[in-house]
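The structure appears right after this line, and notes come after that.
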Amino acid sequence: MATVTLWSDAQVEADPRIKDVFDDIRATRKSDFVNNFWRALANQPAVQERRWASLMEVMFATGALDPLTRELVYIAVSIANGCSYCVHSHTAAARAKGMSDAQYGDLLSVVAMASQTNALATALQVPVDQAFSAS
Amino acid sequence: MATVTLWSDAQVEADPRIKDVFDDIRATRKSDFVNNFWRALANQPAVQERRWASLMEVMFATGALDPLTRELVYIAVSIANGCSYCVHSHTAAARAKGMSDAQYGDLLSVVAMASQTNALATALQVPVDQAFSAS
Amino acid sequence: MATVTLWSDAQVEADPRIKDVFDDIRATRKSDFVNNFWRALANQPAVQERRWASLMEVMFATGALDPLTRELVYIAVSIANGCSYCVHSHTAAARAKGMSDAQYGDLLSVVAMASQTNALATALQVPVDQAFSAS
Amino acid sequence: MATVTLWSDAQVEADPRIKDVFDDIRATRKSDFVNNFWRALANQPAVQERRWASLMEVMFATGALDPLTRELVYIAVSIANGCSYCVHSHTAAARAKGMSDAQYGDLLSVVAMASQTNALATALQVPVDQAFSAS
Amino acid sequence: MATVTLWSDAQVEADPRIKDVFDDIRATRKSDFVNNFWRALANQPAVQERRWASLMEVMFATGALDPLTRELVYIAVSIANGCSYCVHSHTAAARAKGMSDAQYGDLLSVVAMASQTNALATALQVPVDQAFSAS
Amino acid sequence: MATVTLWSDAQVEADPRIKDVFDDIRATRKSDFVNNFWRALANQPAVQERRWASLMEVMFATGALDPLTRELVYIAVSIANGCSYCVHSHTAAARAKGMSDAQYGDLLSVVAMASQTNALATALQVPVDQAFSAS
């Protein structure tokens, strides 16, 4: 199910604006497979273009964090936000970028630990220590 | 404010069970400073002992992810869960473990990007691609 | 799947209390279709009655915000809360009340933007400006 | 408190890249006041530039939804995400754009109603009706 | 800070509609103290009346769950939603209804455990067992 | 779908470390049925062992809250966190521990009420009353 239709390759071919983004996705990822997120966003070309441009900038550009670390952070956010699609797609992406089973186990342990202490700190309404403030 | 009292060093000294955990925290972190989270949890010795034992295992042990990466994941979860205390304490911890301004900028960019695509995937209720499923 | 059984029309007919609410839903919406939410809530007549009464008051009554704006706000909350059922049902409701594709695109853009700046403001723990406080 | 320092006007003046964004914010809003969000983001010029560019595009451009409706959606998301700063700043922004007390009351009612039915639909794990799916 | 003004007792006295609700709160709780939540909601009399009526029905009426259990559930939801005000007020309410330190410790343990397994089940995207479905 | 494979009984039998946990689960619950959560976690033996040990300690041990109350709190957290799997499994567990339809109705009412007032308190950014603070 979805709140919008998912664009088939034939529909994408017939719309130059969407086709451009799809061509770019395929070239950037060096793969013919384009996942449902982009097929759903195709209904909103302006949103789609902005999203793909940002994603390239944030996830594919060279930066201070390596690509796998960025995926781990992405998965962590997606779990905490309960986004089923994003957990699936970025866990697959992390594996494609070399995440080992041991690294995945560590990720799960840290996410579980953080979820737990988040709940406890919120439950106790612990006041922030002055030492942790930068301003 | 808090839902419990925060234990002073004098109170900690007077209770052997709590004192043991505080001694261990100070020794492990090689610092005299013990933050409010532990001073709040001191009201519940059993919860405190379990939490500290797990934290040592997950955050201080050698693992497949290096200590800074674990802190970045921890911060990401804490932001998504909206835990003010945890964001403050683990951002400070990440800096203590060497997080640079550029790395922090990357972290913020990925968290912001993930929050945005999480919202869009949820808004569109995008069905998970078969390719992303491991089972 | 569900944690309760979904009431069929035959079951509804046989229970006067539930039948009354279903009759009212059909009359108010001028449609025979009653969605699964009400078929699930039928297991708890008191909760169902209170929910339907409030919904009529908040979503169908004349107010300061027009019906479509109320649906847009409803969708926004449902996305942020990650409620799959509610996103689906209220996106359909918004369309039934005239939401255009362009309006839906704007909604998605604002929700995505807000999700992102929410994450950044929480990440940076920005203190609230005095100018924003009403008290 | 905050995880970063908040830039004073003097610091902003001394950094051309940040000064450009601040000048643009002041010109766009026709006001000298620049709120803490931008003073915190100033520590990360690249993140700040991208954020301000997107915000202008999404919140200030002409679109299918009027500016006040966009602010109401923004507030709704911020409440559901529990972002204290964003709730404060966008409630103030909505008032500046003409939100009446009656409209605010309606907004609160819809957000409260949605939060409640979100919880019930999730509690009962209601399956999505086929009629609500677009694909 | 707040997005609305908090009504003083003098302001309440001068407005019969609000005064009625405050009188009822004081009589029901057998206490003169009226907390800030109601002083903030006083700006929206219709929302306030509906909220107080529902709260009386759900939290003060005789039901299948005893009053303390209802408060524990209330605290649990408030922690998971990250509502600082609600965590504070309902932890105080639970104590007023007899919550012992040992019960509070158990509550914290269950909330922490649930937060952790919630994260893991979401991370792994575990499919629901057929045995758990009621329909 | 899932991000990992679900272990069959044959796979479990072949791995002594996982078999030990499964044997313990079956013995503790006095049932042959082992649900998908543990079949998914089997991919990470260290995480699995820690999780089962904690669960036993928190959910099966004698404590200040009775087993059904702990399940109600667990369900409440899982609803607020939007964990579909956990809502299903712990609603089933609560029923197995004797939760009546009337108790379930009360639980739903309190969770719905709390979700609503959480949203309102966050929307209004109500300052915490001094009377609610323990420190």
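Structure notes:
By letter and in written order, the chains are A, B, C, D, E and F; residue numbering begins at 1 in each of them.
Here is the rule we go by: contacts are C-beta pairs under 8 Å (C-beta built on N, C-alpha and C of every residue); 3 or more make two chains touch, one makes a residue touch a chain.
Treat the numbers as computed from the prediction; the structure is a model and nothing was measured.
Annotation: A-E is the more contact-rich of the chain pairs A-E and C-E, by number of C-beta pairs in contact. Seen from the C-alpha centroid of subunit C, the farthest chain centroid is that of B.
Remark: subunit B and subunit D have CA centroids separated by 27 Å (rounded to whole angstrom). Mean C-alpha position of subunit E lies 21 Å from that of subunit F.
Subunit D and subunit F, compared by their mean Cα positions, are separated by 34 Å. Within subunit E, contacts with two or more other chains are made by residues 1-4, 6, 47, 51, 54, 77, 79-84, 87-88, 91-92, 105, 108-109, 111-120, 122-125, 127-128, 132-133, 135. Touching subunit F in their complex are the following residues of subunit E: 1-4, 6, 33, 35-37, 40-41, 47, 51, 54-55, 58-59, 63-65, 69-70, 72-74, 76-81, 83-86, 88-92, 100, 102-103, 105-107, 109-111, 113-118, 120-129, 131-133.
On the side of subunit C, the complex with subunit B involves touching residues 75, 79-80, 82, 84, 87-88, 91, 108, 111-120, 122-125. Residues 82, 87-88, 91-92, 101, 104-105, 108-109, 112, 119, 127 of subunit C are the ones touching subunit A in the complex.
Touching subunit D in their complex are the following residues of subunit E: 1, 3, 43-44, 46-47, 51, 77, 81-83, 135. Note for the complex: subunit D touches subunit A at residues 1-6, 50, 54, 57, 128, 132-135.
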